[in-house]
Structure formats: C-alpha cells, structure tokens
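Please read the structure below before turning to the comments.
To keep things simple, chains are lettered A, B, C and D as they appear, and every chain counts its residues starting from 1.
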Amino acid sequence: MLAISNLVTEFDSVKALDGISFQAKPGLITTVIGANGAGKSTLLRTISGLEKPSSGSIKWQDQELTSMSVESIVRSGIAQVPEGHAVISQLSVAENIELGGLFRRRSFRGDLAVATKEVYELFPILYERRNEAAGSLSGGERQMLAISRALVSRPKLLLLDEPSLGLAPMISAQIISIVNNLCRATGLTVLLVEQNANTALAVADHGILLALGKVVADLPAKELSADSSLRAAYLGY
Amino acid sequence: MSKGIKPVRLKYTVIGRRSTLLSIALFILFILLSNQFDAYNQSQLANIATLLIAVFSITLLTGASGQISLGQGAIMAVGGYGSALLVTRLGLSMWLAFILAIFISALFGLFLGLAAARLSGPYLAGTTLVMALAIPSIAVRFESFFSGDVGLSVDYGVPPTWLSNLVGEISIEQWSLYVVLPFTAIALFAVLNLSNTRTGRTWRAVRDNEVSAALSGINIARTKVIVFVCASGLAGLAGALYGFRGLVAPSVYPTDLSLTLLTAAVIGGLRSIGGAIFGTFVIVFLPDIIEKITANIEIPETIGNYLPSLTIGILLLLTVILNPRGAAGALEHARHRRKH
Amino acid sequence: MTSFLTAFFSGTAQGAIYALVSLGLVLVWRGAGVVNFAQMGQAMFTTYIASQMIQNNYSYWTAFVVALICGAALGALVDLGLMRPLTSRKNSKLLNSQSMRTTIPVIASLGILGVLKSLAGIFWAGEERGFPSPVAPNAIKIGETNLAITGFDLFVIGAVFITLVLTTIFFTKTGMGLAMRASALNPEVTRLSGIKVGSVRTLGWAISGTASSLAGLLVTPRTNLSPNTLDLLLIVGFTAAVVGGLSSLMGSVLGGFILGYVISFVNVYSAPENVFIAILVFLLLALFIRPQGILGSKEVRRV
Amino acid sequence: MNLRKPLILTVVASALVGSLAISSVSASAAGDPGVSASEIVLGMQLPQTGAASPGYNKVDDAARAYFDYVNSKGGVYGRNIKLVVKDDTYKAGLTITSASKLINEDKIFAFFGSVGTQTHVSVIKDINRRKIPDLFVNSGYSGFYTDPKKYPTSFGGLGTYTVEAKILGKYLKEKYSDKKIGILYQSDDFGRNALAGFAAAGLKFEAKKTAASFVAGTQGSLGLGTQIGQLKANGVEIVIIAAVSSATAVAYATAGALAYKPAKWAVISVGADATTFQTILGAKGVPLATSAAMLAGTISASHAPAAGDAEDDFVKAFKKINDDFNKATGAGKVWDNNIMQGMNIAYLATQALMGVGKDLTRAKLISYLENNGSKLSSAAFAPLGYSKSTHEAFTGFWLGEYDAATVLKPLDGKRVVYTTDSGTGAVTVSNYKRPAIAADALPKVA
C-alpha cells in the first residue's frame, strides 16, 4: 500500500504539489489525471525520489520514502517509467532491459533470466530487435522497452508517467491493456499518470484528480468518469 | 557593442556617475595606501593595480559571461609584446603603446573569440590552456623579431621632472604606481559600466542559460565574441603594463600566470568587482604574509619554499567547497543572514 | 625513409601514452561532466610514490602495482572528497548557471593540481629524478638493422593495448560497464533502474586515475620525473580527447595516436620548437573542421 | 557583479590593515644599505622550486654554508655575511617582485650569485640603474658582462657559454677534422649561445642533419628519440651536448636505447655534472658502474677542478665546509658541481669584500673589482676577466675527459687552460697559475 499525506514539493518556492494526500491500494490501478501543470509528473518524480519534497510523507509498505535515495526506492520495489518513453537510445534494446535488472544480478541471477524472458514474451517485437540500438525503435516500441526495463526489476509498484503521450491511439490502447492484464494477473500495484483521462479511467480502479498541485477529487474510477461537472471544470471536456 | 548600449543611454549616465566616483575612489585609496608603504610595498601595490586589470578581464569573461579562459596570461603576452615592440622598434611613447596594446590584443581577442564562440566549458578551457603554452614558444620560434628567451627590455622610465617638482622626490616604485593607476581606474570604470548596462545583462543571460538567452533574441555567438574582445583588450593592457615592469619575455608570461589570475578571481568571487580587488590583494600579498609568519618558525627549507603555492591551492579548494562565489559571495551571504 | 620510419614508430609509442591520458580524461568527462585538469598531477604523485618505493628497494612490479592502486584511490578520493559534493550542490546560486556548472569543477581540479604539485615538492624536494623501465630499453633488431623502436616502446604499446582491450571488455561485457555507460548517457534513467550513479561515477574516476597513473609510469622512463614533467602530457592528452570527440572512448584513443604522429612528424620533419605551435594549430583546425571530433556525436557535444 | 560601497570599503580597509602589518619601514643609517658594523647583507635570486629548480636549488645552500664558515671565523672585518635568498621559480615576473623586496625590505648591500639568464635579464637594468653591485651572476650569457657601460655593476660568476663553446669547438674541430660532428642543444638562450660560440670556432651545424634540439624544460618528453635518431641516421660520430645535466642523462639513455654509440660525446660544462648524471640514471635502474662507464670518455670543459677530484685542495676544503656547515638535507647537500660553484663564488665574494677594506661602499666594491678583480683567485684554474672594459668572469677553460670513476681528468694527462674572449678573439693557452688555498680555507688579500 502506498500512502501519501500532505506532500509538498516546491520549485524555487513555487509549490508544484501543495499538500497532497491519497492512497493507492495494492493490486489495483490508481490513475492520476489532471490538466497540464497540475503536478502529475512532479508527484511521480517525488515518489520515486527524483524530487525531494519540502514536507509531507510517502509511506510504502511501512517505509518512509521521503528520506530515501532514488536507488533505494527502486530497490524497495518501486519502478518508474518516466515521461517520454525514456530509454537510453545509444544502448541496444537488450542492454536497456539488462540495465533494469542490473541491481538484482547478484542475489537473483536465476530469476533475472526468467524476468527477461517474460518481458520478451510480453513484447515479442523487442526480442526480434534486441540487438538494435534503442534509438532506432518506433515511439510505441520505445514505450514498450521503457516498461520492460521497469518490469525486469520485478517491481511491486509501477509508476507510469504518461505512457500514451505522442503515441497513436491504437498503440497506446494496446500498451495500456497489456499493463492492465499484467496488474490483474500478477497483483502488481500501478500508479498511472495520464492526461488522456478517458483511456486511463477506463482501466483504472481508482482515480485521483489533480489541479494546481491539490487533490480535487479522490473517487473510484467509475464515479470520477461519470462526474461530468468535475470533468468540465478540470479536464475541459 | 554600440548597438547593445544605445537603448539604455538614459540609465547609462546615471551609472556612469556612480562608476566614475568609485573609480576615482579606488585611485585615491591606492595613492593614500602607497603613502603608508615602503618602496617594496609600493611596487607590490603597482603590481596589484596591474594584475587587477587582468583579473577584471576574467571577471568579465568568466564571471559575467561564463566563458572560462586558462590563457589570459597569453593574451597579456600579446599586449606586452605589442607595446614593447612599438616602443623598442618604432620608438613610440610608452603611453601611446599602452593604448595601442589594448587594440592589438582586442583584435587578437576577436580572432580568438570567433573560435571561442563555437566552444563552451571545458573545450574553451583546454584550448586557451594550449594557447597559453604555445604563444610564448612563438616568441622563441621567431627569435629575430621577438628576441627569444632574453626578451625585450622595457621599463616605465624615470618620473618626469615636472612631477617631481610638483610633489617632491618620487621613487621608481612610486612612479610605476603612478603610471599604472590611471589605467586601473579607467579599467574599473569600463568594467563597472559594461556590467551594469544592458550589455552586461545580455552577457549574464548567456552565462546562465544559452538556450533561453537565444530564445529571447540574443545572438549568442556575437555576444560571446564581444565579451572576448573586451576581456582581451583589458588583459592586453594589463600585459603591457606588466611587461614594462622590466621585461617582455616568455618567462614573464608563463602558464602559471593565467592560473594565478584565475585563482585571484575565484578567491575574491568570480562575479564581484570588489571580490576581484580582494583576490588580487590576496595573491600578491599572501607570499609576503606567509614569509612574515614563518620567519620566526624553524621549518625545513623545502616546506617553506612550497608553502605559498600550497596555501594558494588550498585556498582555491576551500573557496570552491565552502562558497564558489568567493569572498564576495561569503560576505553577501553573511550580510544576508544578519538581516534575517 | 629512415626518418619516416623513425617518426612512425616513435609516434606510435608516444601516441599510445597520449591515448591513455586521453582515455582517462574522457572517462571522467563522460561520467561526471568534468574535465579533470588534475589528472596528470595525480599521475605525477603516484609515479613519485612508485619511485620512492623502488628507492626503498621494493621491486619494480610491486611499485608498479601500488602506483596503479594509488592512482585508483586518488581518483576516487578526488571524486568523493570534492567533485561529488561540488556537483551535487543545488542550493548555490552560482551553480544554477549553466556555464558555471562546468567552470567550477575545472577550477577545483586546478586547485587539486596546485596542491598535489606543492605536496610532491615538499615530500620529494622537487628533485628531478630518473625512473626505471621494466624492460631493457634496447633497440629491436631485424637481422643487422636496428629498428627505430625499442623493447621499452613495445612494452608501452603492449601495456596500452592490454589496457584498451580490458577497458573494452569491461564496458561491453560486464554489468558494471553497462551501468557506467548508462550513467554517462542518461543518469536519470540509470538511477531509476536502481543503479547508484554516484558510486558508478566514483568508479569512473578510479579507472581514470589508474589509466593516467599507468601513463605516468610509462612516460617517465623516457624523460625524468619532477613535479612539472607531466603537465605537457595533460595538454597533449586533452587535445587528443577533443580531436577524438571528448565523448567517445574509441575516439579518444584514436585521437591519442593521431597526436602521437603529429608530434613525432613535426619533431622529425620540422623542429621540436614548433611542437607547441603545431599542437595549437592542430587543435584549432580540429575544432573548426570537425567540432564534434572524429568519433564524437553531435548531440553530446554542446557547441 | 554588483559592487556595493561597503564591500569595496571592506576590501580596501582590510588591505590597509594587512599591508600595514607587513610593511616594515626602517630608517636607513648613513652610507649604503646592507652594511653595518656587524653585518653585510647579500641577496640571491634563484629557482628553488618549479621546473627549472633541480640542481640549481643547491647553489644557495652551498654559498650560505661558506659564508657561515667565514662568519664562524670572525666574518669580514668583524662583519658577518648574511645571505637572503628569494625563490623566483624561474619566472621573470617574480624575479622583478623579489628584487624589489631584496632592495627595499631586506636592504641588501649587493646582489650575489643570481641564477638564470631569462630571469636575471628582467632585473639587471634596474639593479644597475640603482648602482647596486650585482656580483657573480650564475649565467654564462655574455650579454650581461661584455659592455660595462651598459651594466656597470654586474659581474659574471661563470665563464660565458660563448668562451666555453669557442674553446671546446676549436679543440673538436682540430682533433676530429675527419669525423662528422653534430650537436644536441636545448632550444633556449643557453643552447643558442653555445651554437653561436661553436660557429665562432668554425663549427657550423645543419638542422635535421647534424643539429638536433629539444624544448628546454621538457627533458625530451616530447620525443628526444626522434632527434637523436636523426643524428644517428646521418652518421654523426661526435655528438656535442649543450643541455642541462638532467637532460644529458636522458640523452645518453635515449642514445643507448637506440643502439647509437657515437665515437665521442662532448658535453658543455653546465650539462656535465657527474653526480646528477649518475643519480638520474641510477633511478632509471642503471647501476652506478654502468652509468660511470657510459660517461667515461666524454669530453667536457671546466674552469674549476672537477667536483670528483678528491686530490684538489680547494675541493677538499670546500667539501669539508659543506659537510660541516651546509644546512640543507638529503639530496640538497650531496657534493657536486652546483655546490662547488656556490662555494666558489662565496669564496670570491668574501675575497672581494676583504679587498675593499673596512670602509665598505657599493662604489668602492665595484671599483675594486674593476681594478683588482683580475687578481682575485678562486678554485678556478682560469683567470678572472674583470676589468674596466669587461665584467666577464672566468676567461678560460681546461678540457678533460671523464675517467672510469666519473672524474674529469685533463686530456692527455696534462691540464692545459685555454683562454679567449666572448667576441672574435683567438683561443690561446693561458699561463695562469692558480694560487693555493690557505690552510684555513679563507681567501687572502694582499
């Protein structure tokens, strides 16, 4: 269980997150939606430790994350797929995947091979192109690679930052459905940040609506998508 | 440059008055100081006044526009050789030669700047370092023109009689201070104005973020070249004055000189003119202070010999670790804290 | 023809050493975004340590290994003690400016250089001393003709070759090598993969320290050791790194050899006095014609 | 870069306080500075640290040791000789600063034994303008001494490079007229002065064929091998070296590596210090016996006895004083040519100061040296040239060959001192007889 309370993150004394509190239940997909600049990405970056909050707490399985380094947070079972299909384009596909599991190679060598095999099964196209430079992949393939890199570390919590950004609707739908299946099959907890609220709410169990760094709605996904007034006020459709 | 200044003419005059006052203040303070000093410290003061101009060039280049040069000493050499050749070969007056040295080195800075505009950070640092090494060897290579290692013997001459009649007997050291000081005051005036006008703000924008500076319509390359030209002019003037202490030769402008100047600028504070003054005082007087302190302590000669360079190295590291903005930054920090 | 061969062989042996220096510089530049001007100061210091050990009757090879270890330790120390705190500091206004982030570490490395030189002066009285070579530096013969290459040159080329092979294997075949490449290319994604980028960088500094320490051990038998002797090597190595692209390991090695030939051919066909000028001209030409270096990629190089 | 008034005031105020603390204005008594009833203060500038310091940084300790010895014997007319030394790291900018300090703060009576042409040239004009004696400069650059009207107070402390090259050159040209003679020189004022001297003796060299060079201070780190390789390829049989001793050692090692064995090496005295040669090669792993064998047979010139000549009375006396009075430690105290040179000029200075008499002034010292300087004696086998028309020191050299014990032994077993000038004068045999050193190792003046 991920529990966030009163989280504040500032950039040059501008509050990007202004006292955020919510919980993400294990085994479910929680989506964070909101307009541009609502603080969605900052939220994910603060959870994974890339940004340091100025106050508040992030509890993950009784561990306080705010004082931990990015690496320790990752090692505690949280994997983030950063915005913009972040892969290392100069490295090969296989190397990108290897990178994700690198920190486990001492203690879980056997499982690492299994995990690698699993992501290749999940995304067969990556296996075909495993020796090519990641830079040569298409946008969708890169996103698959970024997710694969996160999955080989066998996370318990997956932080997805705008996976559909810049992708054709069909491909983004495909990717989101794969994540959905994965969650249902393995009990993975997912925190999905999306600008495209419809897509996200369609698969999510729970929805958090952010506006200007504050939580304006914390509802089951179905209720949130049904609330047309909220949609009109904050998402503009 | 004129294009950059024009729109702010109004402000220019206001700033001009303040910087005039400050430059005159500096001039008078140096004179007052020199009257308290013995001849050696007067010559040290002249030395400070000279090197200060070179340190100002780093304040402009690195502090205001973010370009790092490890070769200011080589540009000083350009100014030094320029002026010394004009005096020894063409028989020009020393004063005219100093002023021409500014233009010669500024022209050199233009070429250098054209190359430097394409470079950033470590590329520039390394390239200027190679230059610092190569320029003195040009003097040796073309010995018949530049007089090789032995160099060109030049000096400030003797004080004119009208001056001695006016203020009494003037020592050679005092005379050297009197020669240098007007140039230092003018350099200070120039640097203050450059940094406080829109030109200065343009430079700072380039320093802080090239991309956003470019987005706001600043021509990055041209700005960099202009800074290089200005800084080179200053360094060349300093080099000419430095050479006229006695000699213009490769051993007067070694690679270390460039590093010493940078050290002075960093210790005092790369972005502060007051810091530049402070840093120059430190590097010039530190060896004397260490000598005074250790005079009565029995330490092995080898340690004593290396103590000044060791201290300066440690001072540089401490500055960078404790407050990269140098003494000026630390002072401001302290003042800031007291207020709260 | 003889002078051509002389220049060629000498250039190869010299270039091998420049390649090492250049490699050390590029390792740190890629990993930490710092050009370490103290690098050859570190090498000078470790070579003095080796020299001191040999004077105290340790074998050459013991001293050799100790010097390499000290090189690694010194490199790591520079990073842990100075560069890491410096580059990770976010609250300082000065470091918020783009250009200052590269400038301040350069200044810091110059400070280290000054301190190391002074310390070497204090410990070893600034004395100029010789330094042994592990193999007899005798010219290699084919039949009756002496080649312009000595056994020691072959040792140098061999040692550098082994280093380069080991480095290549390390970077392409090991997890740590992958982590190091990834850290250099994209620190954020690497951190998000659970890799301690800070430690990986420190390792880069250590490897760079070892490579330059090796360069020091290999170059001093040909000349003498004093606190200043290796300064030139840094400048040549830097030029080689820029020619090679500063971001490419292979490029840096290639650049080293090219510089070796440039210097050697200027020595033979022109005059040693022209070497510095030639280096400057070559550097400027390289920057103008191919600013991203022979193997550098355009995006990495901020021009 | 904002400038607030308080900051500039703070800067200036602290500078004021700081510099007041270090300025020491002492009222000077009547007469020349640096002389009192109990003391004579001499000042010396040399590289004690930095690239040019190795070897030369021993000269000051040696000279001080000799002065301390003189002081222990009651000084000169009851005055102790004090030597103030400033490190200029071989950078002229610092030389200018430290000269001002010696003059204005240390109030020296005279400059003494300054090391380095490139540095001394930056201050010689000023020193002369102030009429301060500039004694026994450790530079063989003839430009300092041959025109006393230009530099009336400067006196040499070495034979000039030109004189030495003329003498050595004439010998080699005659003796090896059938052999190909080449040179390896360091490309600075020293190397080029030597080249000019050889040219005056009729020995001309051709670049890339019989002349090889390296950049001074690099000690061949940028490829001495290619240069020596060229000499070898061109079949040069006699190699002259005009370089400092540490570079000579590297040159021999490099030639050895290239299997290049010239019929004869000839090394200018500056570069022929056997101790430095052996120490450097020793650290390169060359056993002492081997390096001695490498040096054996090398021709060199000297104005003084060889440092390794244990039979020489001056060497014996100086060595004893070095053991007893030299405060340097480690390598700084090891007896060699540098130490002997330091002792010898200190001996000369003591002699000159004694010669002037009790009433010591700068003008008297200079006039004494011009009128009686050529009669002064020292460890050198060559006469001093001091006169009203030239301020050159040792005008002659004897030629020798290193034996298997690294001692320079006179050629053909008989020490012949040749003499000439720094101009176009002929090389002749000198009939100067060196006066013996007194039992107390103190100079005696008539």
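Structural remarks
As a working rule, contacts are C-beta pairs under 8 Å (C-beta built on N, C-alpha and C of every residue); 3 or more make two chains touch, one makes a residue touch a chain.
Note that the structure is a prediction, hence the values are computed from the model and not measured.
Within the contact network of the assembly, the step distance from chain A to chain D comes to 2. The chains in contact with chain B as well as with chain C are D.
When each chain is reduced to the average of its Cα atoms, D sits farthest from chain A.
Once CA atoms are averaged chain by chain and compared with the all-protein CA average, the nearest chain turns out to be C. Between chain C and chain D, the centres computed from C-alpha atoms are 37 Å apart. Between the Cα centres of chain A and chain C there is a gap of 42 Å. If you average the CA atoms of chain A and of chain B, the two centres end up 54 Å from each other. Taken residue by residue, chain B touches two or more other chains at 137, 140, 271, 302, 305-306, 309, whereas all remaining positions touch fewer. Within chain C, residues 121, 125-126, 232, 273, 276 each touch two or more of the remaining chains.
Multi-chain contact residues of chain D, defined as those touching 2 or more other chains: 48-49, 187, 215, 332. Chain pairs that touch, as defined above: A-C, B-C, B-D, C-D. Taken together, the chain C residues at the contact with chain B in this complex read 29, 34-35, 37, 82, 85-86, 92-100, 102-104, 106-108, 110-115, 117-119, 121-122, 125-126, 231-232, 235, 238-239, 242, 246, 273-274, 276-277, 279-280, 283-284, 287-288, 291, 302-303. Remark: chain D residues 1-5, 7-8, 10-12, 14-16, 18-25, 48-49, 61, 87, 89-93, 96-97, 100-101, 103-105, 117-119, 121-123, 125-126, 129-130, 141, 143, 187-189, 192, 215, 327-329, 332 touch chain B in the complex. Remark: chain A residues 48, 50, 69-71, 74-75, 79-80, 82, 86-88, 90-91, 95, 98-100, 102-105, 149-150, 153 touch chain C in the complex. Within the complex, the chain D residues that touch chain C are 48-51, 53-55, 57, 187, 207-208, 213-215, 217-227, 229-230, 233, 246, 249-250, 253-254, 256-259, 279-286, 330-332.
Residues of chain C that touch chain A in their complex: 175, 178-179, 181-182, 185-186, 188-197.
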